[in-house]
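First chain A sits with chain B, and in the next complex the same chain sits with chain C.
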Partner chain A sequence: MDIVPQLIVNSLIAGSLYALVAMSFNLIFGATKFFNLSHGVLAAVGGYTAFFLGTTLGAPVSVAVAGAVIAAAAIGYGFEFFIFRPLRKRKASNLVLLVASLGAFTAVEAIIAILFTSQFRTLSSLTGTPGVVHLGTGVMTYVQVVILASAVAILILLWLVLTRTSFGKAVRAVSDDEEVAKIVGINTNKIIGIVFIVGSAIAGLAGVFAGMDTGIEPRMGFVLLLKGVIAAIVGGIGSVYGGFLGAFLLGFAENFGIWYISGEWKDAIAFAILIIFLLVRPQGILGKKKT
Partner chain B sequence: MEYLIHLAILFSIFAILAVSLQLLVGYTGLLSVAHAAFYGIGAYVVALTLSNTGFGFFPALLMGILISAAAAFLIGLVLSKFRDDYYALGSLGFNVIVFSIFLNWQEVTRGPLGIPGIDRPQLFGFVFSENIAFLILALVFLLIIYGIGKFITESSFGRALQAIREDEQALSVFGYRTSWFKLAIFVVSAAMASVAGGLFASYITFIDPSSFTIVESIFMLSLIILGGLGTLRGAILGALVLILLPEALRFVGFTPDIAAQMRQVIYGLMLVLLMLYRPQGLVGKYKL
Partner chain C sequence: MKTKVIFGLLAIVAVALLIGTSDKEADSESEIKIGVVTPLTGGAAYWGESSLVGIRLAEQELQEKGIPVRVIVEDGELDPKLALSGAQKLVNIDGIDAMYTEFNPAVIAVSSFLQDKDLIQICNATPVSPLALSENFFKTYLDYEESCEQVANVLQGRGHTKVGVLKMNLEHGDLCLKGIRNVFGDNVVVENYNTGIVDFRTPLAKLEASGVQVIFHAAFQAETLASLRNMRELGMSQPFVGLAETMTPGVAEEFEDVLEGAVVFGLPTVSPDLLARLNTVAVDEKLVDQNAAALAYLHITQLGEALSECKKETACVREKLKQSPANAGVGFQGFTDRIAGFDTLIQEWKDGQFVPVSE
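Let's look at the complex of A and B:
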């Protein structure tokens, strides 16, 4: 039973990383209604930008993190501007958008591998050897404390923006019905563009955090994306809060699942959960039933 | 010459994959991202049967087809309840699960170490050890698969599949059990993919899980999207272009590792550009 506190810590960290991806994925899904699989690669963009600025160029942590977030936001907006917006204009089906995002993902991931090789690297030059907090028999590094705090802070920020500002109102209007939002005079392209920038920045941050916690490799975006999408669906597709909830559920399920099955089956467990949810409750925990 | 034969063999294997995936994606409108899973099941069953039992290639291949079809039946039971993007997502999930079985069931698959020393096929004492002989075998299989594909698409069953693609609800109003049709074509397609897997395993004589990832499924998808959805010719054309095109990179002088990544960049970009400018592909009859 001594490992229970550590399992809880591990679940919280995994949950926080998934939550960042799932919340931002759902933010974008809410506004655009398609599975944007290119979202995951932005985490890799973030991780590698931080690596390039911090380790290769020797920039301080703050610059490296800021640069990573900006790079992810810029590339995410680039995807929206050059790929998704023209497709939306042509009323392309969701499958076309999904395939295009898959293509963007594949291409950018390979470009990262060409630039930085496929080797696993750490961001330890940014973090040093972080101190630890003891929680009973469990141990949590300072980096992990920051990750958990950031996930909660971003949830609160998104909630404030979505409920308390006119921009948030516009986002919710676009999420409800893009056509109607357009008719009442909302510049939907502009709103969706901003949503992409914000969502991509959060994904980039998730990549930096994942890199600081364990390390970076070009495939990291794919892993985070899969977990993020599963969390997003389990929590309720299109719901920012649902994404947060689903992420922690998934984090706990994965980490406590290894009581019964050994650790390398984590991915399989995650997908088994996804498929069960798709069958039993496709709208997720917080999702509204489709009418 | 030997190199051209090698490319022709690769083309045959991927053309089989493209034709079988075309039945599912192009004719039935089910965007499956799980094709590499069945390709892998075929490869692993053939490799394991050849290494651990006295059976030859052809019984092993039959076994691969049966096991792959059985797995597809179970997975298809679940998948057939979905459509459109949820179908794509669900199939992606199954590819990850099957991949992690290849990787983690080490007692059987040897995990990341892979299975070396797989035998070449034998028929009545003749060993297909020369690549030219293997090419003929692969082409024969491609012809058979193409023929079956043609038969299916021109049958009333095939017309029902296309009707599902156009309007599943309307077809079910006419009393068709559409989920049964979706399941049936999924099993057929998976069985065909396992043939390609068996050929691949015995041609390369070594397999490991890395050949059966999601990225490989996406590559197969890009073959048929480039060639054009809804035609078998499109599948063949897509396989031809996408197998030959990246080979040009080798002559530019990239290292093998970079060349593999470049290949991934090319077909990723190609998917984006096709979706933007020519969603029906080269000779396609149907757009996603």
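Let's look at the complex of A and C:
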């Protein structure tokens, strides 16, 4: 059996999930310039909301997915409005914001575990037994096709929004220099708030997809965040497009890496890539070198 | 006069306080405190949450018998550091009289800490190494090497000659692999992985490419479900071998299409009577694993009764435990050399359900 097509498919699936987290993480990082660790738990919020709506309440898949995205967006905006904005107003350092985001992450993760228990669950009631697409000797489920297509579609949408709209220009202005953006009349709090809503919604969608592909448990956000952040740094921290590239590079490196060596090295491969980039090209693939 | 009244009142209050304190001390001394370290969060939380059901039933029944027992539970996740800090709190702050510790990473860490303490511990885990640390330690749960060897014999009897193993990097994985290798020798292809991994597509694709006839995966529930799902995606038709405790009815129903020829092994079935009693204290969906609940119930009951009869004297409790009678409700055969004996129940998927293998 030729295993290479399946390895390519596996890499694309992993890369797509990492890409959703990395792009949304970089979108928020670009505007706020701090490591928002609470981003990871929004994936778990998405996964569990879909589970609650779809499995517990029996809502159709479209309602469950929409509800999950809205819940993640609302909680992400809640973090910004109630935690990060007041801290920024007090000129809190990025380290303080990072610690606050870790606190938000831990609190929401614990609440999820209390509400839903820590048991591993699947979202199979939403997907049923998905059909498969054959790509040579490789196999991809319809759910995975949707995940890959969504990652690409969101990349294109973000590119269009960031380059073709006045909102995109404002986001880029805030990313370049928040103070200057304020001086020229941009409502930076509003822009950052919208960025949080969009980024959190994408993280929530990533959580739903991860749940449909493998399953959900309260700590799922940490794993997704870890890989998403590695992809974000490798691709270029703060760069949405870099995050996309970094995610697929990571997906391919992990899956082709464990083809040659044992699967227990998967995480080590990811971190080895991160360290190599930090040493050799700290600005990442598409990041700009600081002058 | 006024001063005399004030002093008199103060004296009454002081005496009342002294009486109250001595009563509390007496209560505290007679109360039996059993500490439990079990995973209540993380990948094995389904086990710990089920254990809680057994613990609460044991606590309730002991109290009904007039044994004043209190069980204090600490979450050890699957993290030895958390398990150790939980055990330190139970011993140093709560002043427990005995310990019940669940799962391998926790057991190793907690046993090192308890080895010089005058405390009885029952370890619910696969490794036997903690028993060498203290004569106060007992072990429960399956003998993994023997169980996996028994299952491997069943597979060989069915004509399989090459086995693929997804092996978790924990001691139980090593013990199981040893048991499989005792039967299949070098015809075993191993894919190692670390806990928390739920994407087995590439390891499974590698195993299939190597021509294995069976996928052997003795793991926690999350990993088992993920591997079954991945096998389905990849269209793999090899029989699956896993742990019975992970194959709840819901799981079996969901993965019916990939369970053709599947074999599972585990602890004996819990008796309907005990199960009914466990269900009376179970809330929500937290009784996921009947064996976890049954084991916790059995051993907390044993500890509570022994501590009560022996007035908490460790040597006496140890001897009482060694003489623990068999318990049909749980399939417990007694302790031999401080190791609990259970018959491994091997089941196969037949006509939409798991039934004991006929070989």
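What we mean here is this: the second predicted complex is superposed on the first by the 290 of 291 C-alpha atoms of A that agree within 3 Å, B and C clash if a C-alpha of one lies under 4 Å from a C-alpha of the other, contacts with A are read in each partner's own complex, and residues count from 1 in each chain.
In the analysis below, contacts are C-beta pairs under 8 Å (C-beta built on N, C-alpha and C of every residue); 3 or more make two chains touch, one makes a residue touch a chain.
Note that the coordinates shown come from a computational prediction; the quantities given were computed from them, not determined experimentally.
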item: Superposed partners chain B and chain C on chain A - clash or fit; value: clash
item: Touched partner set for A:35, first chain B, second chain C, both or neither; value: first
item: First, second, both or neither for A:81, with chain B first and chain C second; value: neither
item: Touching partner for A:14 - first (chain B), second (chain C), both, neither; value: second
item: First (chain B), second (chain C), both or neither touched by A:264; value: both
item: Partner chain in contact with A:113 - chain B first, chain C second, else both or neither; value: both
item: Superposition-derived comparison: chain B or chain C, residues of chain A touched; value: B
item: Which of chain B and chain C A:6 touches, first, second, both or neither; value: second
item: First (chain B), second (chain C), both or neither touched by A:255; value: second
item: Touching partner for A:124 - first (chain B), second (chain C), both, neither; value: second
item: Contacts of A:142 with chain B and chain C, given as first, second, both or neither; value: neither
item: Clash with chain B, by chain C stretch, listed 1-9, 91-99, 217-225 or 235-243; value: 91-99
item: Where chain A meets both chain C and chain B, residue numbers; value: 113, 117-118, 262, 264, 267
item: Residues on chain B engaged by chain A in the complex (per definition of touch); value: 31, 78, 81-82, 84-86, 88-90, 92-94, 96-97, 100-101, 103-104, 214-215, 218, 221-222, 225, 257-258, 261-262, 264-265, 267-272, 274-276, 279, 287-288
item: Complex contact set, residues of chain A against chain B; value: 34-35, 83, 86-87, 92-100, 102-111, 113-114, 117-118, 222, 226, 229-230, 233, 262, 264-265, 267-268, 271-272, 274-275, 278-279, 282
item: Touching residues (chain side chain C, partner chain A) in the complex; value: 40-43, 45-46, 49, 169, 190-194, 196-203, 205-206, 208-209, 221-222, 225-226, 229, 232-235, 254, 257, 284-286, 288
item: Chain C contact footprint on chain A (complex, rising order); value: 1, 3, 6-7, 9-10, 13-14, 113, 117-120, 122, 124, 129, 132, 139, 141, 144, 214-215, 217-219, 223, 255, 258-259, 262-264, 266-267
